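Submitted below is the structure of interest, expressed as structure tokens.
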Amino acid sequence: MSNEPMTTKADDAIITVRNLSKYFDDFEALRDITLDVKRSEVLCLIGPSGSGKSTLLRCLNFLEQYDGGEVHLDGELIGWKDISHNPRKPLSSEALRKQRQHIGMVFQHFHLWPHMSALDNVAEALMSVRKLTKKEAREKAMTALTKVHLEDKAQNYPANLSGGQQQRVAIARAIAMEPRVMLFDEPTSALDPELVGEVLSVMKDLAAEGMTMVVVTHEMGFAAHVADRVAFLDSGRLVTCVPPQEMFGREPDDARVRSFLQTYRERNVV
Amino acid sequence: QADLLSDIKAKGEIVAATEMHYAPFDLLKDGEYVGIDRDLFDEIAKDLGVTPKYIDLPWNSILPGLEAGKFDFVIAPVTITAERMKRYSFTLPIGNATVALAKKAGDSSISKPEDISGKVVGTQKGTAQFEQLKAFSESLATPAEIREYTNIDEALADMAAGRISGVANSLPLMGYAAVQRPGLFELVMPPFGDPKFFGWVATGDDNSKTLIEAINASLLKMHEDGRLKAINEKWLGSNPELPTTMPDVK
Amino acid sequence: MNFSFDTIWHNLPYLLAAARWTVIISVCGMAISLVWGTVLCATRLSANPFWRSAATLYISFFRGVPLLVQLLLFYYALPYVGLDLPAVEAAILATGMCSAAYTAEILRGALQSIPRGQTEAAYALGIPSFSLWRRILVPQAIRIGMPSLVNELILLVKVSSLASVVGISELTRIAQNITGETYRPLEIYITAAVIYFAINWILSISGRLIEKKLQIG
Amino acid sequence: METELFVRYGPALLYGFGITILCWLVGSIGGVIVGFLLACLNRWGPRFIGWVIYAYVEVIRGTPFMIQLFILYYGGPYIGLLLTPVQAGIISFIIYGSPYFAEIFRSGFNAIPKGQIEAARCVGLPESRILWRIILPQMLVPITAPLTNFFIILTKETAILSVVTVPELLFQTQTMAAETFTFVEPFLVLSLFYWLMVVVTGWIGARVEQRVTRHLKRA
Amino acid sequence: MSNEPMTTKADDAIITVRNLSKYFDDFEALRDITLDVKRSEVLCLIGPSGSGKSTLLRCLNFLEQYDGGEVHLDGELIGWKDISHNPRKPLSSEALRKQRQHIGMVFQHFHLWPHMSALDNVAEALMSVRKLTKKEAREKAMTALTKVHLEDKAQNYPANLSGGQQQRVAIARAIAMEPRVMLFDEPTSALDPELVGEVLSVMKDLAAEGMTMVVVTHEMGFAAHVADRVAFLDSGRLVTCVPPQEMFGREPDDARVRSFLQTYRERNVV
């Protein structure tokens, strides 16, 4: 949890990814990814559609069972019971649950629970995981919703919310849990510029509180502003992982990255 | 005014329904319908000069079917009672419906009907035999406990399973069961209660008057020429003394 | 108890012959049930209040009255209004029409869990309602409702035994009749159960195969 | 129509109706519970239990109730299982209903989008809580109708209990039919009582459905 | 259809919206919107989350039954049989279908059919609405998928596509039908900058072919590049509707618009 005493120094790795690979049948979605995420760091993942960004994120909390390599969170192997065996055996669902409690996630498709109001979507885990009373949970949920400017839509079911409102509920749901690490999959795709700004400031606050974040995004401006480092994925491979100044500030070395950023630059000079 | 008999003769066919599930009167043997009713009615159809056609129906739908005109006649043995005569026309008796008892083979505690006193006895619900059994049981010092089954097979199965000590039903039925599963069932002689008889049934209206008369005439003829006796001996090993007039039912 | 395999062996051909009727009635009944059930479900969900209540009434009647009584009505009461159906047809029609009421409800339940957006996408493309149902809604409803549909079809196979009340010598009836002659109910009934099981297992396996085939992702 | 009959047989019919309702309620609710447990075990339990459940479902669902009941009641004593009719009726009812219910629940599980369960796992909800709070309320949307269906079907399967002399409704009406030689009247009574049960069940089903589909209604 | 002869002059209105209003229970989602969309025009709708952009779009093809006002397409009243009556009566579903055939739509949440492959998702309406044979429909669908660079994912089911790939299938599905008017609800929210460029060029081609388009977007760069006019919605009201140069090129007059664009400007100078 974020308010635990920090016994390790601030720039050591909280997530280590080693030679990660993942197949969907024959399709190689991730190949040999090696990557560290440091404590309190904001790492942005960018890359073309279908390059494996979501898949990488999903491997980090074992929603996808990766086929090769290892993912460690605070030194603890994520998902597999033990990888010396072949085939690997996943942890029990209870052990997985323990691990995942500390890893928050906002999905690309939100995945709100349609039968619960916005408020209940946020309050649910506070009650059953954080063991708050119903009242406390609702209050806390309300605070989280207020952060994303949704206090007046708290009672709406997801079906009666606009796209951006749904996305904000999903963000509120994840941050209310105060995990150690947050994974965001395009958290601002449905948001207008103003709200992107708001979410950005929420995330900056989180970062200041020591939260580690991995953010998939297509908004280069967002990446440039919020990230400590930016990783570029292409066809399942990690092409580069550098501070944003290097990625955006000057002409990137890698041809693929260069052409990727090209269109963006052209268009965004309004 | 319609007349069933002439219709049948015109068609050259009589359709008779029964429940092929009432040995020895009606049963399926190797997939074929046989039994006392079949043998008797084959003869009667011959006398009427028509071809018989038999259909199998559960008891539930035999009488509704008769009334809806889906067939002409019922050759399921029906115990002749006053109440039933109000609604349907009966033929002369075609079988003995007096109630008799079967026990589990080798059960030495029962040797005569009176021995059911205080024991559990099964019978088929809603039958005339049930009424007879009830009356008989009440005449005993300690009445028997009577359990009603929808079907006599189930009563027999329950006796085999050991839940009840005896099964009461019409004499021919119990006798036949004992012959079929000698190691399992045994007939307790003699039959008891009032003498009762089975008849066949047609609709209660005037249409079937002539048909009933014709069948009765044919039955009487079979009494005389010994065909009736032969058929009964074939199935029962003995000849029940069947009256040649309508029995008196109150 | 001496279990008599002889009895089984001896009567097996007759039971199998009777099972033919069970199969005929239930297969035809299933066809009616599925097709008519789908139509009924669509009617029940239609915007027109008249058709909607007609379908609701139909379902209420056919689920409410015991099938036995429906069969008796089809066979014995319809002649009074001038429709004299032969026994097999009456049995097929009654079981099929009754089962359709249940099928319609199963499909309706499944349809409700198809996200509305999918229907809207079809609307937006101008897809005709027939195609919408045939290509988008029904396949998904079948996937979601398959286990319940198989339940219903298996029940249909079993209730086909009621066809005996209109004089059809189907499996259960013949089993009972043979019992009446052999006085060996356990042997005969177990055999009949095995035959029913075989028929239903085919259904169930097909159901699972279809389910797998329609599985997404 | 002989109304006098209804007066004469009224008490017996009502008694039969009571027994029918008792067997139906206890049997079908028991069946739902067992079916639900089976479906859960099948989903979360070890592989081999899955196979055992599969076999159970196929065998029980694939064979007629009448025969199961017959075997249990009349065959049971041969292996020392001596049950009273009502006991046998209720037990076999639970056994008979459970595979159907298990299959209905299985279909419900399949209808929940995977993403929602993933979202629940990500916030660390325990599996049991996921079942109760996320899966169950939503799966009721597609399965309330089939559940209602099967409750209704079971009302009528109670008639088969007459085979083992449970004094239920059909048993009583058959007495009436056999003793009085009437057929229309008993069937009418029978239909009326069943219809009553079905209407009430259907009504409850519709209410439950309304409740569980609340979130789907658009303003 | 786009290849019909243009009998009217190019700048007349194809869609006219008059005093449109829409309530969700008590909540006023759209108030008194009056707006014309000219033939072959690209109109972008921008505005904060929850301002009613999606709702407006959905009113245009009557997926939402608007409560007040009128929407006309080519002079034909959309959705209602006749509005003099109260309550209004919607057209029969067949008549609605006829109207909607000419109005393509890409949804914010894509709404792909999960039981059909990407190819079939696109081919379906070609068969059942355009009455092409299966073979023709598939060929045409393949062409549309190629346009959005998805030829090698044509056989995938939606569940096995990345977010951006799903969005592109949704775009392909709509454009394959060659409607008269296209409504896009955030068509590039899940796309990376490169693909945004591609989709932009697809849309430019469409525009050149005379297609009218209404595009909801949060990407101001996109709006600036592709739009003939940009409409700004706020709390269900149309604040302004002007050419992009006026909206982005100089300081906007309206305070609301100004503050909305502020955050965007700040962030996007990378």
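When the chains are written out, they are named A, B, C, D and E in that same order, and each has its own residue count from 1.
In this text, a residue touches a chain if its C-beta (ideal position, glycine included) is under 8 Å from a C-beta of that chain, and two chains touch if they have at least 3 such contacts.
Just so we're clear, the structure is a prediction, and the values are computed from it rather than from any experiment.
Steps from chain C to chain D, minimised over paths through touching chains, total 1.
Considering the contact criterion stated above, the chains in touch with chain B and with chain C alike are D. The chain pair with more C-beta contacts between its two chains, of A-D and B-D, is A-D.
Using CA-based centroids throughout, the chain positioned farthest away from chain D is E.
Chain D and chain E have Cα centroids lying 50 Å from one another. Inter-chain spacing, taken between the CA centroids of chain A and chain E, is 30 Å.
Rounded to a whole number, the gap between the C-alpha centres of chain B and chain D is 38 angstrom.
Residue positions of chain A touching 2 or more other chains: 109, 159-160.
Shared contact sites, meaning residues of chain D that touch two or more other chains, fall at 70, 74-75, 78, 114, 138, 216, 218-219. Contact of a single residue of chain C with at least two other chains is seen at positions 1, 68, 72, 116, 143, 185-186, 217.
In the complex of the two chains, the chain C residues touching chain E come out as 47, 115, 117-118, 120-129, 131, 135-136, 139-140, 143, 214, 216-217. Remark: chain E residues 61, 63, 93-94, 96-98, 100-105, 107, 109, 111-115, 124-125, 128-129, 157-160, 173-174, 177 touch chain C in the complex.
Within the complex formed with chain A, the residues of chain E that make contact are 24, 46-50, 53-55, 108-109, 153, 160-165, 168, 185-186, 189-197, 200, 218, 220-222, 224-225, 248, 259-261, 263-270.
Taken in their complex, chain D has these residues touching chain C: 58-59, 61-68, 70-71, 74-75, 78, 100, 103-104, 106-107, 110-111, 114, 138, 141-146, 148-150, 152-153, 156, 159, 187, 190-191, 194-195, 198-199, 202, 209, 213, 216, 218. Within the complex formed with chain D, the chain C residues making contact are 1, 60, 63-69, 72, 102, 105-106, 108-110, 112-113, 116, 143-148, 150-152, 154-155, 158, 161, 172, 185-186, 189-190, 192-194, 196-201, 204, 211, 217.
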